[in-house]
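Across the two complexes that follow, chain A remains constant while its partner is chain B and subsequently chain C.
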Partner chain A sequence: MTTTDDRPTTTSPSRSAAPGAKGRRPWGRPALYTGYGQDMALLNTGAKKAALGVLMVLALLLPFVLEDDLLRLLATGAVLAIGAIGLNLVTGYAGQVSLGHAFFLGIGAYTAAVVSGETGDEDLYGFGITFLPVWLLAGGAMAALVGLVVSPLASRLRGLYLAIVTLGLVFLGEHVFREWDAVTGGVGVGRPAADPVLFGVDLSRSTASFSADQQLYLLMTGLLVLFALLGRNIARSAIGRSFAAVRDRDIAAEVTGVDVRKAKRLAFVISGFYAGCAGALLYSISGYLDPSSFGLLVSVQFVAMVLIGGVATISGSIMGAYFIAILPRLTRELPEYLPFLSSSATEFPNVFQVETLLYGLLIVAFLIFEPRGLFGVWVRARNYWKSWPFSY
Partner chain B sequence: MRDVLLTTIRGLGFGSVYAMLAVSFVIIYKSSKVISFAQPALMLAGAVLVSYLAGPVGFYLAVPLAALGIAALGLGLERTTIRPMIGRPVFVVAIITLGLDIAIRVVVNVFIGTDVRNVGDPWGLDTVSVAGLPIQERYIAMVVVLVVVVGALFAFFRYSRYGLAMRAASLDQETALVQGVSVGAMTALSWAMAGGLAAVAGAFVGAGGGVDQSTWVIALKALPAIIIGGLDSIEGAVVGGLLVGVVESFFATYQGEYLPWLGQNFSLVSPYVLLLVVLLVKPYGLFGTREVERV
Partner chain C sequence: MTHATTENVLEVSDVTLRFKGVTAINGVSFTVGQQELFAVIGPNGAGKTSIFNVLSGVYRPQEGSVRFRGEDVLGQRPHVLAGKGLARTFQNIELFENLTVVDNLMLGRAHQVSYGVFSAAAWFGKARRSELRDRAAVEDIVDFLELAPYRRMPVGLLPYGVQKRVELGRALAMEPTLLLLDEPVAGMNLEETEDMARFILDIRDELAISMVMVEHDMGLVMDLADRIMVVDFGVPITTGVPAEVQRNPDVVKAYLGEDHDTGGRRKKNAAEPVPTGGDQ
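Up next is the complex of A and B:
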């Protein structure tokens, strides 16, 4: 009979000798991890390193190949991806369902617009600081602050109660945006969004060597890389693990020493920061900001990005965001192939309806048939080729 | 005093509609433990169906027909999209209903077009004088319908076999299965009932003003109502709905005068403020069951 005494001791025999992230991997054994640090490393396989390098080079080459309007679309996609990463951190990693992302987006957009707005206008606040990092961080910080104010609700409420409260926030936010003319310009009037000025160059205007869209594409893609790295690092650090613990079982998390309130608060603050930055950048592409553009549909679009891309994955959020950004463009092409569709908004059926219909149906279809989203599709494809020609 | 009374009556009238919608949310919640964000679309679909049927068969026959039609739609939704998701996290199911809502609304909007559609109700904005007060007939109709519908629902849940089976399935699915209750059929029935209820509410949302593409937002006001009342309590939903209606009505009448800095049309978002206030004090609503969790 075995007794508990027969079991090998589970205390770590050589804690100090356990290789950390810096420990060398044995050569020729790509799938062998000899330490937790290696497993959790940012790029834990050689394939990932190579793929990232290739993607970076491609991203840098694209602006010299693609048309300007496509570049603008990709720039928008990059900004949406920043927002989607933020939503994924709070909803995917920390499990706090938020339908209020549009609200945080709006706060970021208006804070940035006010910081960067022209001074001296009596009807419209403005501080005249057009330097991009300043208004970007201001937008993010203000949204993070609001996230902090809202987070006590999250620590008191669970699940669907929280979803509905955040939905209420969107309606309250829309009301404030409509009524606070001095900040938002009012319905139908709007105000100019923040100017993306970096070291004295307004990136939204074409310069001698680059067009405006090329500059914006490079700027937004660069920022996306920064924010994605930050998000990935948050997700794989102690903070991210505490998020996952809260999501999977908050009581168990509390028992194992995770401060649940703090984790939820942090999740909302970080998500608010991402959303604020995304809001600030999103409208600096189009240059114009209308108070009615932060409704429930925007929140739903972000939820769709997260779900279609892949819950609790950073790369999934990015894939989902690009997918949603390109979707309208794809549906615009539909009338050529489906002649009964109209491209005019006043006729039925038209492409705008198809677009909205697709948001809805894609959410439903992905949740039923591919719950892990595009990331899941990728994982399956990868696993297939990993073991090819064997089936498993 | 006269103003206060009229404001209250208007609030109770619209509150009755919110209460009906709230009850439809609660019925689904009790059977599937999920908040169906598809209810706004079902409500809109119901109202539009009434507006098409009222011409040929008259309003009084159109409402029950539309309720049956939307009940069938609710049944179909449950069968095709909710049933495969049994056992998955409720959040996922809630988001599915959100997707359904968007998709259904697009289709319904095609039938609405760009105009306001009249639902063909017999009341319009006519008033009847009660004790010297000019009360709109439609408010009376709304309250009467709420009383009838909720009374019928209570009787159904209390005295009929199916009602008993639904309560059993809601209380504990496995035990209900052991007792011979078809839990699947009860879930389907609850979605059908909620659909029918949403359609009736839709008809009365349209009474007096008609429906257009933005009418669906009204159904979301039932969300504060159910949260205030507690997600799993039909009584709570009724009280919450009436409360939301009255609060909204009072803000509509008096906020411009006393709290002008809140901006125009603040009454439309006042239910959400009420929601935040109630939840900060009582996190499970006024009548909700406190979630007790075993570790």
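Up next is the complex of A and C:
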């Protein structure tokens, strides 16, 4: 059934079963590996291929089923997932706790906004290059560069100390964003974010056949698939292994031949790149960028995504990001069912307080009950059905 | 069966390592020939593991020199030494416990990885070829150490004896010239010890890798080692073939203590050199 190899398996079963016949499965044995390539493939089982196929079809059908505001929410979720993958690479895989993710997000967002911004404005820098790949890569590259500059901190500090220092980055960033009016527009004024223009089409404006939100949803989801694939490849390569080695035992890693400083540097650079790209994309959805949007809470939200989704998993980062993206929307619905909750920010108790409370509660609950996060829940469910009707 | 050749794999001369007032190693010298199994024994706290940490580049001694394959390697960082063919295992297992057995072994080949981020992210060309090649090499070691049933298990979940074997496997995956084994059979039962002894002999005779071994199991050391160095309080007492070492009165003294010395050896000042007999 799953002879997805590019070569059709026309040879007779007995002949092709010879060991070392790379990439050729005997007929009727879909689960038999005949080469390490098959074993190490990303989708190495039929179930994984089928599941991914179903997910893809679902993702493509959604824009024609859901309302625009929900699509916008999912587009935001996809962008957050890119950022969460970035944080998971440095914190989950490489074990370098970073609370400075909001800072990298901000750098990406402003770099993209400057690259894409209108030229000729005296008070606001802009280069007028609105082509999406250009400003996206510029945002990512700038944040990666800052990650490179920051990374020596990680080779000097670890654990809580590193967390505190990266926390400092957020405050540093907030100050710069607030004061550097020529780039950020200043507090309360802000500036337009990067325009998602692809081959002459501004995707943030509705066209004849698609609404703006449908286009943004498809764009962001597509980019998420790309970034997730790249992230997963990095994670399963020697680079990802060296991250995990540094996280688990740095001295043993060094003796085994891993350049620990280089691994930490690389982790911050890659994480910075992901955060920068996420920052650049995030505000192109709303189209507007305010200097106060890169505070500590944003960093905490990303940490929550990683912890709730699953530490050191790419799919967990994605689940966590969608979860956090959809959470406010769900709490907004609460007053309907819980009449004592108010939907106005001035009254007590209100939904915004519940939302903040939920971040904390969920982090605590997941850490205590399922440290592997949503990914762990998924693994448990899978194992249950794998061994059904037995319990082990 | 010492395979004495003209070129020694390792030459350690007059290495002294101090931590503030404590002298952990004091004037240690020894050589390891090609395909030789050299054992370092001594009572607890004698400085055996400190010697290993100097050899693998974790500690930097104040005096002396370490020549590995003819090159002075003192002060080089551990991962650089690893790339030059120096591998080690640890007394207390230092595996990456969240990773599978295969991934741990793959990490042993970290210094041979030459592809970059972009190739890795695309999983194309160099990265893919390199990964497949490393995997095949790792599977050979899995076969050699009989680890096949545990391949996909996270190392943290494996029994202790198997973890020790995985650690040996990770060191072998580095394709070393010299292998440092820090108490390879500590805490193992008889069967596991026998298995490990077999693997160690196979590594010497089939893979032709020189080894330095620290071990407390005297039976194992006397049976396996080509030559033995005894250290006490960081000072080498004697070096020789097992039969010589066993008969050396200073060695007996270091292990069993002197009856006429009221305080026994533990009360002696660590900095004061222990009387040496057959020092090289």
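The working rule: the second predicted complex is superposed on the first by the 352 of 392 C-alpha atoms of A that agree within 3 Å, B and C clash if a C-alpha of one lies under 4 Å from a C-alpha of the other, contacts with A are read in each partner's own complex, and residues count from 1 in each chain.
As a convention for this text, contacts are C-beta pairs under 8 Å (C-beta built on N, C-alpha and C of every residue); 3 or more make two chains touch, one makes a residue touch a chain.
All figures in this text were calculated on a predicted structure; none of them were measured in a lab.
Contact with chain B, but none with chain C, is seen for A:367 once the two complexes are overlaid on the shared chain. Shared-chain residue A:359: touches chain B; no touch with chain C. Judged by the touch definition given at the top, the superposed model places A:251 against both chain B and chain C. In the superposition on chain A, A:109 makes contact with neither chain B nor chain C.
For chain A, the partner touching the most residues, choosing from chain B and chain C, is B.
Once the two complexes are overlaid on the shared chain, A:82 sits clear of chain B and of chain C alike.
Applying the stated contact rule after C-alpha superposition, one finds that A:124 touches neither chain B nor chain C. After overlaying the two complexes on the shared chain, residue contacts for A:154 are found with neither chain B nor chain C. Counting contacts as defined above, chain A residues 251-252, 255 meet chain B in one complex and chain C in the other. By the touch criterion given at the top, residues 36-37, 39-40, 42, 230-231, 233-234, 236-242, 244-245, 247-249, 251-260, 266, 270, 312 of chain A touch chain C in their complex.
Residues of chain C that touch chain A in their complex: 56-58, 77-79, 82-83, 87-88, 90, 94-99, 103, 106-111, 113, 115, 117, 120-123, 127-128, 130-132, 134-136, 139, 170, 174. Contact residues on chain B toward chain A in their complex (touch as defined above): 34-35, 81, 84-85, 88, 90-92, 94-96, 98-107, 109-110, 113-114, 220, 223-224, 227, 231, 262-266, 268-269, 272-273, 275-276, 279-280, 283-284, 291, 293, 295. In the complex of the two chains, the chain A residues touching chain B come out as 97, 152-153, 156-161, 163-165, 167-169, 171-172, 174-176, 178-180, 251-252, 255, 297, 300, 303-304, 307, 346, 348-349, 353, 356-357, 359-364, 367-368, 371.
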